[in-house]
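Two complexes are shown next, each including chain A; its partner changes from chain B in the first to chain C in the second.
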Partner chain A sequence: MIKLIAVCAVSAFTGVMIQKSRAQDQELKIGVVAAESGSFVSAGNTIVAAARLASQQINDSGGINVGGKTYKIKLYIRDNRTDVNVTIAAARELVNDIGVTAIWGTETHDFSVSMAKITGSAKVLQFSGNSSLGAVLDDKSVAPGGWLHYTFQTEPQEWQRSGSTAEGVLTLLTPLLPHPPQHSVVFVGNDATGQYLSSHYVKALEARGQKVDLVKYPPDTTDFSPLLTRIKGLNPDIVHFWYNGDSTLTAFPQALKLDVAPSYFLFGVDPGIYQQRQLKSDKPVTLSCVPVCWGASPSPVVQEYFKKYFDLGASKGPQSSVSLLYYDYFFMYAKALEKVGSIDKPDQIVDALLSMSYQGVVSPVPLTFNVHHQVTFATQVSLVKPGTSDQFVSTIQQPPPSPPPGDPGG
Partner chain B sequence: MEIFFQQLVNSLSVASVTILIGMGITLIFGLAGIVNFAHGEFLMVGGMATWFLVSAGINFFIAVLGAMILVGFLGFVAERGLFRFTLERPMNGFIMSIGLSVILQHVVIRLFNEVQKTIPDPIGQVWVVHGVDIIVMRAIVIAITAIVVAITYFCISRSRYGLALTASIADPDTAALMGIPVRRYVTGVFIYGSVLAGLGGALMIALFPITPFTGSVVIIRGFAVSLIGGLGNVGGAVVGGLLLGLVDGLSAGYGFPEWTDAYSLVLMIAILIVRPQGLLGGTLGPKAS
Partner chain C sequence: MILAFLIAFPLLNLGYRFLSLAITTGVTAIALYGLGIQFGQAGIMSVGHAAFVGIGAYTAAIVAGMFGIGFWLAIPLSIVMSALCAGMVGLPSLRVGGQHYIIITFCFCALLQIILTNGGTFTGAATGLDVGSIDHLFGINFDQLRNIYYLVTLVLIICLVTTYLIINSPYGRTLRAIRENEMLARAIGINIGLHKIGVFMVSGAFAGMAGILQAYYLRHISPILYGPFPSLYLALMIMLGGSRLIYGPLIGAVIVSFLPEIMRLDPIDSRIAYGIGLLIVVLLLPGGVSAGLLDIYRRLRPRSLK
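Here is the complex of A and B:
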């Protein structure tokens, strides 16, 4: 009997202690809205995986110390099913019913803008990796009371990325061509993102002396041979497969077989994927990733990040690197909360984010947000040695200081 | 001029996979009366099965057979387990097939993840004929398509089973009274159409990467081909596929490239207004007994 009483007492004490310990750890509710199904699932899954990795690391290292309390991140992940209406419903639920303090997502401009209309009025912070947000982030929209005051663009401005990418591509390809390249064809999917991104990239190429033809294809194209034949007839020095990695991986092998151009640039194709697919070209090929490559990163910090990322079970795909548009900002947000000393003062948290710099994984220089809530970092461009699938020469290109002529910035 | 001939060759190869898809749809829709919107996913499953087998070290052409058998079995299960119960109400079957397409997409994502899949070109050669690049694998796909079309055409129009099938469509009640197992024929047509989808997917992944969402893209073209040619008409599917391939190839080459899809769909609309029964005429599917 005494033994039984002792066991009960120990159990009760242990239970009380566990409850007490749990009570000391507050819950920081963070929402993630991303496509875990539907056609954007490749990009959506990377957001979720980045959020899981970052929150796990923060929680494992003891959580976030805010105003003397320890907060552990609890993620509320919602599948937007690649549907803008589901995205809006998910944002409403997270903001109104669950009461999250911040939301990460989404993978596409239109969805992010729709979500910002909900997060903005509820004073919930939003971190979105869409460079096209630059079209709406301006002095008025980010000012206190503006509808994007709580929204942060975690991808560089498009003119910056286009400028650094164009510079890297031309620098790497020029020595390998019989004459300096003068004529480029930009081949891009004809959707909202493709149109926005290519408008900046064309200007960046023109600013570097290129005559540019823009050829757009319907987004769901699988057989590119008629379009590539048309491009071949234009006699370009470089064909730039712009923006959609999956489409590029479909089109590029066809271009090689049709011998379309003397050199190529593949945007959004990681050297890791190039190697995995055993792609091989006797013509020079350059690659760039959004934002840094997992396949051939010269940075040990990036290599370590991707090791942990893939160890969590995330897929090795063309868009895996997109996760780095989301990962660092969990730590940046945590630092801002610690600095403010409260999770319930969104205006002060915004100010803290705007005034801080954070040394993350995505960039060798500390991340900072500009007055329009946008980050700046360099672009990695890699050259595949002709005739190989696994030998790369990489360069890190810093963004240009200002937009090229004719580019309105944003 | 070389570019023009290149575009003609391209058009033929664009047409071949489309013909295979369209033929499966035209048989199932036109002869069995089932609107299977998941037919594109059947094709995708065929492509994924081929990828899986080739990745496991199996020869591509054996993998093609494996994919055809697998998708044929999938068709058998779908017809017996789902569509058989909707023959009286085709709209129910149509909605059910949309659900099935989403389920198949996510089963494949669950099994193999969402990343696009590709296999090395099984042949990997290009013939250059008077400056025109002919990709050998594409030529093989065209040849296989031609053989399948010929066999299917013969079976439908010349064989005893084909005649019985035609009778089942014309008057299912009388055909049943004369001892023709109409429902078994419906199952047979559904399985054969599914096998063609498996073949289409297997050949497609030899040319292009495939994602779990490939089916939802190709299904539109498949229906366009079968409607342009005339439902249930194998020859019509060939004509429809060639016409769409030609329009796609030449419009991409000489029109506004971003409108490539629109040109062929505008053509489909125009043909259906002028000839509602399709270019070569067809059926509206059997009245299930």
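Here is the complex of A and C:
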């Protein structure tokens, strides 16, 4: 009988302690809006995977200590089905029904902008990895009361990335060509992102002495041969496939068959994918990823990140690296909350984010946001050794100090 | 009963997600009522209707950006602009009909998307244009989702009533005469050209209204919203719901907007479901789901009430 009473007492005590421990852990509601289905699924899935990894790591390490309370992240993941109406509905639900304090996503400019109109008025922080947000992030929009005051761009400004990418591509290709490259063709998808990105990249190439022709292809093109034949007629030294990795993987083999140019640059194609697909060219090919390649990163920190990322079950796809546009900012946000000491003071959290630096995975130097809520970090460019599918030489290029002539910045 | 449900919907407290989807469904239904008159009454199908929604939306966004004209003053501009463009696109229908005209509407839609994508700062190019919020009216704050819902519902009811009046007017009967036998209609003195252009303009006006509502709801528009694919979806909705009965467009919009949400279908599964649904409708319910429901109701109704 005594044993029974003792067991009951111990059980009850343990139960109370567990309850008490749980009660001490507060819930930090964070929303994720991403395409888990539809045409942007490959990018969308990486946001979700990054969010799961980051929140799991934060929670496993004891959570976030905010004002003496311990918060554990609870993710509310919503599939936007690559549909703006569903994106808006999901954002409304997260902000108004669930009451999240911050939202990660989405993967496209249009959706992010529409969502920012909801998060901004509700004072909910939004982290979006679209460099094209630079077109709307300005002094007025990010000022207190501005509609983007709570929005943060987790991808570098496009003139920075274009500059570092162009520098990396030219540095790696020049020694392998019979003469220094002078003529580049930028081959780009004619959509919102393509137009915005190529406008900066063309300026970056021109600033490095290149004569540049811009050739646009309609989104969803599958037969690139007419346009590639036209490009071949221009006699370029380098053809730059810019920006959609999925389209590039369709167009590049066609370019090799047509022998369009003596060298190539494939933006958004990871060395891991190049190797996986056993692509091979006797011409020099350079690759770069958004933001760091998972296939051939020289950084041990990045290698370790992707090991954990793939161990969690995420797929090895052309856009897996995009996850690093979202991962670090969970830790940065957590640090800002700890600094402010409250999860309910969005204006102070914004100020904390703007004043801090954080050593993340994506960059060898600490991450900081500028006054327009944009982050800065370097770009990795890899060269595939001609005739191979799995031998790469990589370089990390820091962004230039200022936009090139004719580039308004942003 | 349906009107009562529409008005009471926010009171069900289903959450902001459903309220938001209800708003976009309402906006889509407004555009569909225009297409319903054009296809259901006059018998002229279009697979480019989203283009006229886009013209309404872009008119509102451009006049807001360039001249500071807000939502309320921009409504007539959007409606008139879409109606005029629809009338112009309708001109070839005087010479060609059937599938040839359908291809023309498709081409117009694709062309408009190209123009918007390459329109520079005027159209915002592929990035699109931003729009502010709806100005307060009589003290009503339209930043609140519920108030936007009631605004869209009010416009939807106006469109529904207008459609009802058109269907039951001499004008509606004239359109149906053209639909059933164009040569006979001409023989009895009906000005076919005038009525065809007229119905395109009416259809365009509905689309223009839907466009401005969509622009001010999303507060950011881009060419991708108004291309051939969204147009095909509108055509699908009208065929699923039924174009000839008053509730057909509304039912079509509800099916396509809410079915994936309620059944948790991803976009690929949704398209398969729509394809199967369309086959069933074409084979078994040529008048659409609304006609099928009406038929079932008539069969089940007690004889004493017939």
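By our rule, the second predicted complex is superposed on the first by the 394 of 410 C-alpha atoms of A that agree within 3 Å, B and C clash if a C-alpha of one lies under 4 Å from a C-alpha of the other, contacts with A are read in each partner's own complex, and residues count from 1 in each chain.
Following the convention adopted for this analysis, a residue touches a chain if its C-beta (ideal position, glycine included) is under 8 Å from a C-beta of that chain, and two chains touch if they have at least 3 such contacts.
Since the structure is predicted, the reported quantities are computational estimates derived from the model, not experimental observations.
When the two complexes are overlaid on their common chain A, residue A:His183 makes contact with neither chain B nor chain C.
By the touch criterion defined above, A:Leu227 reaches chain B but does not reach chain C. When the two complexes are overlaid on their common chain A, residue A:Ala192 makes contact with chain C while staying clear of chain B.
Legend: residue contacts after superposition of the two complexes on their common chain; A:Ser37 is shown touching both chain B and chain C. When the two structures are aligned on the shared chain, A:Leu258 is found in touch with chain B, with no touch to chain C.
Of the residues of chain A, those at positions 37, 39, 190 touch chain B in one of the two structures and chain C in the other. For chain C in complex with chain A, the touching residues are 15-21, 24, 117-118, 125-128, 130, 133, 143, 145, 217-220, 222, 224-225, 257, 260-261, 266-268. Within the complex, the chain A residues that touch chain B are 37, 39, 41-42, 45, 190, 215-218, 220-223, 225-227, 229-230, 232-233, 246, 249-250, 253-254, 257-259, 277-278, 315-318. Residue ranges on chain A touching chain C, taken from their complex, read 36-39, 79, 81-86, 88-90, 92-93, 95-97, 109-110, 113-114, 117, 121, 132, 135-136, 190-196.
Remark: chain B residues 3, 6-7, 10-11, 13-14, 105-106, 109, 113-116, 118, 120-121, 126, 133, 135, 204, 207-209, 211-214, 216-218, 248-254, 257-261 touch chain A in the complex.
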